[in-house]
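Each structure below appears as structure tokens.
What follows is a pair of complexes built around subunit A, which joins subunit B in one and subunit C in the other.
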Partner chain A sequence: MPRLLSLLSGPEDVGRSRWFWAAFVAVCIVLFVSPLWQSEFEATNNAYYLLNVPTALGLALLWGYCGILSFGQVAYFGIAGYVYGIVAGNMVGDSAGPIVGSLCGLAVCAIVSAIFGYFVFYGRVQNWIVPILTLVLSLLLETFLGQTAGYQWRVGTVQLGGYNGMTGIPAFQIGSYVITGYSFFYFVLIIVLVIYLALRLLVNSRHGKVMLAIREDAIRTELLGYDIRARQLVVFVIAAILAGVSGLLYVQWGNYITPSQVGLLQASLPVIWVAVGGRESLLAVLLSTCALNWLNYTLSSEGYQYALIIIGALLVVVMLFFPSGIVVTLAREVPKHGWRALLGWGDGAGK
Partner chain B sequence: MSEPILRTEALTKRFDGVVATDDVSISVPRGELRCIIGPNGAGKSTLFALLCGIQRPDAGRVLLKGEDVTRLLAFQRVRRGIGLTFQTNRAFHRLSVRQNLSAVLQISRADRPADADERYRFALDRFGLDAESEMPAKELPHHRLQWLEIAMVLAAGPDIVLLDEPTAGMSIDETLQTGAVLKHLNASGLTIVVVEHDVAFVRDVAQRITVVHQGRVFAEGTVDEITEHADVRRIYLGQA
Partner chain C sequence: MDSFATVISVLYQFATNGAFLLLSALGLIVILGMMNIINLAHGELMMMGAYTASIAWHRGVPFWLCAILAFVVVGLFGALLERTIIRRFYGRELGALVVTWGISLILSQGALAVFGPFLPAIPIPGGSVAVGQYSFSVYWLTNIGLACLLIIGLWALYNHTTFGLQARAAMQNAAMARALGVDTGRIYTLTFSLGAGLAGFSGALFAPTVSIAPFMGQQFVAPAFITVVVGGATNVITGAVGSSLLLSLVKTPVGFLLGAFVGTVALLLAALVIIRLMPDGVSAVIQRRIDRRNRFA
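So, the complex of A and B:
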């Protein structure tokens, strides 16, 4: 147990002090009791801000910790969502349907990513080719799903629906208890917290240190005795499964999915969430993903036509002034130099 | 005579028609400290790349402890006891000293040298490196960065290390210190092969020297033999 706690609070993520953990527990408590003063609609919205976090954390692991940029995480998001829709949709009336659908969705994500990753990493494809290949997979999937409008494109009783998408996807349920509204918020919150803490353990483990080494210099790492191909493949599959978790939560939240969910625009969003917070920190990515999804949702729901342009502009500003990400920069620089120096006020006498 | 720890047979590598390594056959006995010298572009670094598996030869074989490892990947050769530092320092510069050293695979193999950990700790101590230091490697002075990479290789517990210009950019004192550590490690049984340009360093540490020229083995012998070799003196040691 002490070893587990020490790993959890290891040096490979920001936020290690007792103050951080006290604040972390306080925020968790506030989130758990927040339905007391929130309407069910607000709680469902909050679940939406959180449900993209697994995709973002997976990308942080892949890109920030292991040095592999993927533009195609939404492919796995979509695969899990569609597979869940097909399996659970064909098992309507069977209370095990959503669980079987979820397991199938994640299994297909794992298999597709393992096959794709095998050719990429065992073929020694490196650097900028990888993001292009991952994006191509996503766009291929979008193109394929877009032409599934005809009646012939049905699996069992479920229509794929072309660009109109798949509708009427069953909500998640355990036994006869259907998880929706407040309970869905708790469901997502617990999943996000478990994934975040599990990834903190992973990045602080021995495997996490090897990931950092691969990110810095893959050849040097191989010459320290590691099969970097296998390591990269494992991280790639984990990230795909996490994107799949988001895809499952998305279709269980909204009960629909369309091919645009795996399109170019959606493909770029996880990269923005991760880059804005700081790709080398899980906590930063968790915070920025929630914040940017809230911003996007709020701007869009208030009729603001340019929500995504604002998000894109934010990315440009962050890349120019905080290339390591806002949260990571603040976490590193404020303790060293103080707020005043960071903002360019005074001479940084705070240090 | 026991099987040499490292042997090559007619090793050849071409890049776009240019022969970088040409029919190279060398043999390094266990426990030797061998220096490989030669002018820039002679093919020394390519030879190292072929030995550790970063490059695949067009022809010839590499044998490590009698086993043909020509088809093996770099990490598989490392797990069989070979270690390498690069000509350009490739410690993980953005990571801390602790992260650099903790990233090394502690290879568990039946023939891991019994005193591998002792050699590693000796190197840390003599190089003045703190394995728990959170200082980013890039903030280390150049010579300590070079030493850090050597320590990383030793942490894996190799039987033989290939060091590509380990003293490049070092002062005379730092070079002497590096030489002293390498000689001690060699005396403890570690086989070391060093590519170097620094003739004084080579004279100080080498038990045997291989001279490479235009991708081929030009001469080989003890320090005295190479020093007295007329062609080597004329071409490489700058003496008439």
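So, the complex of A and C:
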């Protein structure tokens, strides 16, 4: 157990001090009791901000820790969502339906990403090809799903629905207990926390060190005797499964999914969350994903048509001035110089 | 006569698909090959070209002038983009990918906010010619010719001008080129501007065949990127030509038998198989063959 704790607090994420963990536990407690003063509507919204976190963490693992950028995480999000909708929708009335549907969704994600990853990583393509091909994959998926309107496009009793989307997707249930409202918030919160802590263990483990070594210098790592192709493939599949988890939570949250969920706009969002927070820190990505989802939701729910322009501009500004992300830059610079120096109020001690 | 017409028709389909892929990807390939930067705003630059063409055409400008105007406008915009943003990302491939994506988001959403959901269409210029029972669009025949001319023009630009010489020097070894007095910054600005201009030009050429809308760039993104991935970055011109012909060879029969969408899916599958066999693309394979021949000659 102490070994596990020290591994958890290893060097590969920001936030390792005793104070950090105290704050972390405090925030968790606040989140767990927050439904006391929040309406069911607010709790459901909070669940929405959280449910995108697994996709973002998977991309952070892939891009920030392993050096492989993917623009197609939404493809796996969509695959899991649609497969869940088809399987669970055909098993309505059977209380095992949602569980079987979830497992099928994740399995299909794993299979598709493994096949795709095999061609890409075992072909040893150059760095820039992976993001391009993953993007093409999700664009084609959107085109395919978009033309599935009409009665002939159905699987069992479930219609794919073209651009109208797939509706009436069942919520998650364990036994006869259906998870909605407050309990869905807890469900998402627990999944997100487990995934975050598990990934922290992973990046600080031996496997994580090899991953980082591949990011720093792939050829050197290979010469040290590691099969980098297999390692990259494994990380790629993990990231795809995490995106699939988000997709499952999304359809269980909203009970519908449309092809635009795997379109170009949606595809850009995970990259933005990860880049803005700081791809080399899981914690930063966790925070920025929640914050940006809240921002996007708030801006667009007030009918503000410039929401995506603002988010795009934010991405460009961050890439220009905070290449390692806002949260990571703060986490690195603040302890060194203090707040005052960072904001330019100090006596120039930062120089 | 009938079989002759069928042969012509198949060749026409093949050349049309090849020209479409080549025109979609040319601007992207120029920028990637010379600067090692993937421009994810490529689709949006094509959209800008189509917008320029549509606005100009509806003010009475003849279509060929609209296309040239699109080249100039988008080219200038590309130069501006390179000066302000892109130049900070040399040597950071993935950073450049992400920042150009941010730019594409701003451009498409900006176009939506400024011009609304669509612009008036442009009718397809030119009529059609008939051979046997088949008829062929003069417009696409012109596009096929233009694609050939552009390739010849690029080849001449890179092989027979001072700019081309300096650009190839900057591509092979930027530090050495700078030491010999080549202004590599200027070369990069011009190259990016040329790539953007070509994207705008293609966007204007495709404008009559599609609906002109803020997100129209998306439909060219998949074919353009597949062409670039298959072509590789070793040699711009052989990559572009080899890859679009190879992919047209896949797309034409599949698209003809199973429809346009399956044709595009076949492109992705073909790309996966091709990069498994030749990871650096068609251009690297051709380049190796040329090098080997030169060595033994």
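As a working rule, the second predicted complex is superposed on the first by the 346 of 351 C-alpha atoms of A that agree within 3 Å, B and C clash if a C-alpha of one lies under 4 Å from a C-alpha of the other, contacts with A are read in each partner's own complex, and residues count from 1 in each chain.
Basically, contacts are C-beta pairs under 8 Å (C-beta built on N, C-alpha and C of every residue); 3 or more make two chains touch, one makes a residue touch a chain.
Quick caveat: nothing in here was measured; it's all calculated off a predicted structure.
S.K.: Report for A:Ala275: first if it touches subunit B alone, second if subunit C alone, otherwise both or neither.
M.R.: second
S.K.: Which holds for A:Ile228: it touches subunit B only (first), subunit C only (second), both, or neither?
M.R.: In the superposition, A:Ile228 contacts subunit B only.
S.K.: Please work out whether A:Pro11 is in contact with subunit B alone, subunit C alone, both, or neither, and reply first, second, both or neither.
M.R.: first
S.K.: Between subunit B (first) and subunit C (second), which does A:Tyr163 come into contact with in this model arrangement: first, second, both, or neither?
M.R.: neither
S.K.: Tell me the contact category for A:Trp63 with respect to subunit B and subunit C: first, second, both or neither.
M.R.: second
S.K.: A:Tyr177 in the overlay: touching subunit B, subunit C, both, or neither? Say first, second, both or neither.
M.R.: After superposing on A, A:Tyr177 lies clear of both subunit B and subunit C.
S.K.: By the touch definition at the top of the document, which applies to A:Ala213: first (subunit B), second (subunit C), both, or neither?
M.R.: A:Ala213 sits against subunit B, while subunit C stays out of touch.
S.K.: Subunit A residues in contact: does subunit B have more, or subunit C?
M.R.: Higher number of touched subunit A residues: C.
S.K.: Check the residue A:Gly123 against both partner chains and state whether it touches subunit B (first), subunit C (second), both, or neither.
M.R.: A:Gly123 sits against subunit C, while subunit B stays out of touch.
S.K.: Okay, in this complex, where on subunit B does subunit A touch?
M.R.: Spelled out, the residues of subunit B in touch with subunit A are 52, 54, 73-75, 78-79, 83-84, 86, 90-95, 99, 102-105, 107, 134, 152-153, 156.
S.K.: Show me the residue ranges of subunit A that touch subunit B in the complex, using the header's touch definition.
M.R.: Touching subunit B from subunit A are residues 11, 206, 209-210, 212-213, 216-217, 219-228.
S.K.: Per the contact definition, I'd like the list of subunit C residues that touch subunit A in the complex.
M.R.: Per the stated touch rule, the residues are 32, 38, 85, 88-89, 92-95, 97-99, 101-106, 109-110, 112-113, 215, 218, 221-222, 225-226, 228-229, 233, 261, 264-265, 268, 271-273, 275-277, 279-280.
S.K.: Can you list the subunit A residues touching subunit C in their complex?
M.R.: 63, 67, 69, 71, 116, 119-120, 122-129, 131-133, 135-137, 139-140, 143-144, 147, 263-265, 268, 271-272, 275, 305-306, 308-309, 311-316, 319-320, 323
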